[in-house]
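One chain, chain A, appears in both complexes that follow, with chain B as partner in the first and chain C in the second.
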Partner chain A sequence: MGAFDPIITYEKGTYIETDTGNKVSRKASITGATNIILGGKSIIKNDTILRGDLRRSTAGQHVVLSIGRYCLIGENSIIRPPGKLHKGSFTFYPIRISDFVHIQSNCIIEAASIGSCVEIGKNCIIGKFVIIKDLAIILPDTVLPEGTIVPPMSIWGGNPGKLVDTLPETYQETMESKCKNYYLRFKSA
Partner chain B sequence: MSVTYSCCHLDSPHAPLPPSYPSSSSSYHSLDKLYFCEECDAVRCDLCSAIEIASYFCPNCLFDVPSANVRADKNRCARSCFSCPTCESSLSIQASDQPSTDNAVGPTATAMTLSGPPYALVCSGCKWSSKEVGWSFDKPTGIALQLQKMNTQVDLVQSEFDSLKDHLESYITLSNPTPSSSSSSRSTRNPSRHISHLTQMAQRALHRDVGGLVAYSARSKRSSPAEKGEKEKFGWDELDEYVPKDSWRRTGLEKGLEDVDLIRDFEESGASGLAALVKRWQSSWDRGSMSREILPQRIPLQTKLTKRCPHPNCRHLLIQPDTKTVRMKIKMVASNYLPLVEIGRRRRRLPSNDISESPDQMSVQDMEKQRRERRRTRGGNPVREEDELMDTPFKAGETYSFQIALTNPLYDPIQIRLTLPHQPKKAPKTDFSVIIPTPHFTINALKDAWAYEEDDESDDYLMGGSGIGGLEAGFSEEGTTTTGTGTNTGTLSRKSKLTILSSNNNKRSKENLNGIEKKGNITKVGLDIQILPEIVRKSKVEFDLEIRYTYKADDLGTPTNDKDENKSKDKDNSTQNKEEYKNFTFWTRVNLGHVE
Partner chain C sequence: MSRTQVPPSKITAHSTSIICQDTDLRGDITISEGVIVHPKSTILSLNNAPIIIGKNCIIEEGSIIVNRNQEMMRIGDNNRFMVGCRIEANSIGNWNTFQPRSVVSSNIIISDNCTISAGTTLIPSPTIQEGAIETIPSYTVVYGSNSEKRKWDGTGELSEKNLREKHIEYLREIIPKYNRLRPTT
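Right after this comes the complex of A and B.
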């Protein structure tokens, strides 16, 4: 897979590298960092917005945003926990993103959970409390309305998003090697 | 630009027709969609594999529907999943806030929205509400059941349908074992399931009717007086006439009046009021044709499929899904057996007189590129090439060089032979020629996951950076460049890797001169395309490649099993018999784009 893919370089010092191999852009706006967990070897690109400050109003430590391993958050994408009125008070709910999730540039994500091996194309809007199960592709420019459930092994596209196709059985391996390959190619100049 | 693999379906493996025959395109698929049957030692595709439904599930509530219920539920979710009549996204259940408006007087009511009945279905995509069609529910669960109870609209149609079904069912159960005479097999009206081969054969052998069944003998008696003329009709389905419960002629007249109303409605609403044809197809019954009359539909179920080898003597499982998870119990996919073929690094060969052309106009990058070029072709002819993007159109009369990369999925090294398949005599001539400078080469084995990753990490440097000439330099720098990402396991593996590299360093550099680049379980070789000057504009540059690979036969059954390195080394040391090796040939189609 990807024998001819070029190396993606960034200027040295523009990304912070953590002990677990995460690469986080200095230009990303990350609020409430204590409420965010990164699994390792994940890349957060320039000008992304991660809203870790939108937490449950009750006291105590809450994990707002957990991101797995080998994930990618593309340029200008926004990840914002969904919120709703519950028993008379407004509360935010956490977002869980599993391993091998690629979110391309200019996306707005308000999902409740995103399973492993999911690819979200450019310019997508993932509505509040959307649940994306493992192994799915959201095509570029898709809008998923609030509360949509994306079943495993499916391809969704359109506005509003619809199930357009199913994935081949080999997709898990393809996506895992793609994510690993991307991480290895993403290096400082 | 794409590389697709041929599936010969049930034929014996053969070279498919060249790309100039459009009919050949149907047997090509991308590698990730192909399966591999170990028993038949053949590639299988979605078109030829036998498919069975393993389980049904609702794509919205993800409920696993037992297959016994599916037919009664009419292949749709029988819980609370509905799709929006306007935008087709799934509807959510919303409690109405009526209690609060009832209790409070005036607009200064409390913001408390007491969730309670009646419930409505609301689309979060387009804000459509089931109140528009007058649907409201007492409970937020089991909407489909509630709807079935309260929906009387289709009662008339439903009862008619049920009685018709009963009528036909009685016929099916009565006449199922009825044998029919062979002469009637010509008749298309005769359902083939009625023909019992055994009785037919007996009939032929005895030259008389082998009946014994009441239905059959009754039928043959009836037709005996006019046997000559009626012979054709022997096995025809003889149905009692169905008496409809309701006169549909009268309904037809009513429909005429409805149509008048419809036209009146249409005049008021304009074209936007009319429902799209797609939406009307989706509803099973005869619904209104105005968009406001389209009702939400229960969401159709999805399936998980079991796939089998199509060969009648094999029928082995290729894919068996696990109903609970996304994993597969059995997964025989071609990507675990066939090398992955990729094509890239396109370069255009510049004519030799261009070499002296204006060196002062070159940028620093160009200079470096040229230097790299010279290094690459060191010892060979001084050919200058220019890097090009893969998707730019080809120019007539030019020569392009590509690299073709093959990835070995097996835990043993394999030998490759690349050839162009034999063209049929009458095949149209192509206006470009393909040259494979190095048709024979080997690919290293796939290693354990960690070793493989480390390979990538360290060898990426070679690939992107100095190319072939800077091999030694690359290795010495390696330590400094990769320390940043090094983890505990990383440092360990690097040591082992360096020893491996030093052992076959000599071999590698020798091969590099022939244009072979090796990196982990990937080998890259050159491939030249010569576009003839007379080529038709906009024509596709597409050709087939025949790839034969030689592998160890004893691994035929378990190529995916982990193998200790010691073990494989032992095998390498021991003198190998020729019999241990097996060949497998497959065909790929390479599409490189089109001519300018």
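Right after this comes the complex of A and C.
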């Protein structure tokens, strides 16, 4: 994570760049795009699935999936809103993902909210209605069961996921610069 | 190099089933009433042996159902195949849940009300004869990093079933609004 890190390139034309600097792969399958908000400078990689169509049952406009700035959604990751019974009828609930969140490849995310500066490793399964607070690391291959709450400044791993370690206080700056750096290095060939 | 010839698919779907366009269905597949197949899911029969899917099953995105055998693969009613699961079982009963990224290998028969938890693998037990088929009893739960088994005592069964019914009802309403569907006959 420094000035000498290699540039990550993609073939020109395979990503769509929006006005706010989001880079969205053409190979990502995004359903219900009208219900998804991207904060800007976020990267959505190949073959991800974002389910914006699974929205709340009440009438009107609903944001299903809001993603902050400098986020990364890795290859083959699936983000789908969690659903449950509420007052006798089934409804899906929105997912909020804050800024500086890196989700690596092959993850399945059904969380209710993910705080800022969170890194989720490869092959993780984040169960329904999980709440991940700010500044957390979920190690690769972790399975977080339904309704887990991950406190700030913690590292979680295993199946079922458990608290493994804590993070240093400087982690916020580290993660922010890492995310910004990653975005700057992600360029077309 | 020519690829092996794949026999033409024969897909029979009930008119009340909802099958998204962006799915990979190959082989002889029968889909009963009320089944919902999300986009990006795969149902394959390799030897062109039939796969029969019972009523009101939910097959979510990224799930793979494969029939590797010569015989018919029969899937019962009200099963839920969650995101990214891979199922090769010989036959499946009713009301089972296959949680995200669970793997069920072949030579297994699953009874009713079983839960295969997230990230677990279910293979025939190593003590039985090779190639023999193991039957997983009803109410089995497979859990944890070592894919251990235990029994579910059935608490909250009714509310689980109620949730499943309401879920599929809501999906029926919402999926056709946002996804292109395959025409069903």
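Note that in this section the second predicted complex is superposed on the first by the 188 of 189 C-alpha atoms of A that agree within 3 Å, B and C clash if a C-alpha of one lies under 4 Å from a C-alpha of the other, contacts with A are read in each partner's own complex, and residues count from 1 in each chain.
One rule holds for everything that comes next: a residue touches a chain if its C-beta (ideal position, glycine included) is under 8 Å from a C-beta of that chain, and two chains touch if they have at least 3 such contacts.
Note that the structure is a prediction, hence the values are computed from the model and not measured.
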item	value
Which of chain B and chain C A:I78 touches, first, second, both or neither	second
Touched partner set for A:G127, first chain B, second chain C, both or neither	both
Chain B versus chain C as contact partner of A:E11, first or second or both or neither	neither
Touching partner for A:L54 - first (chain B), second (chain C), both, neither	second
Which of chain B and chain C A:P160 touches, first, second, both or neither	both
First, second, both or neither for A:T31, with chain B first and chain C second	second
Touched partner set for A:L184, first chain B, second chain C, both or neither	first
Comparing the two partners chain B and chain C, which touches a greater set of residues in chain A	B
Which superposed partner A:T170 touches (first chain B, second chain C, both, neither)	first
Partner chain in contact with A:P145 - chain B first, chain C second, else both or neither	both
Shared chain A surface residues [contacts with chain B and with chain C]	85, 88, 127, 143, 145, 160
Touching residues on chain A, where the partner in the complex is chain B	1-4, 6-7, 17, 21, 85, 88, 127, 133-135, 143, 145-149, 151-154, 160-163, 166, 168-174, 180-181, 184-185, 187-188
Contacting residues of chain C [partner chain A, same complex]	22, 39-40, 60-62, 83-84, 100-101, 118-119, 144-145, 159, 162-163, 166-167, 169-170, 174-175, 177-179
Chain B residues within the chain A interface of the complex	32-33, 57, 59-62, 87-90, 92, 111-113, 123-126, 302, 319, 326, 328, 331, 333, 335, 340, 342-345, 403, 405, 407, 453, 456-457, 460, 464, 484-485, 487, 522, 524
Interface residues, chain A side, partner chain C - complex	29, 31-32, 49, 51-55, 57, 78, 80, 83-85, 88-92, 108, 110, 123, 125, 127, 141, 143, 145, 158-160
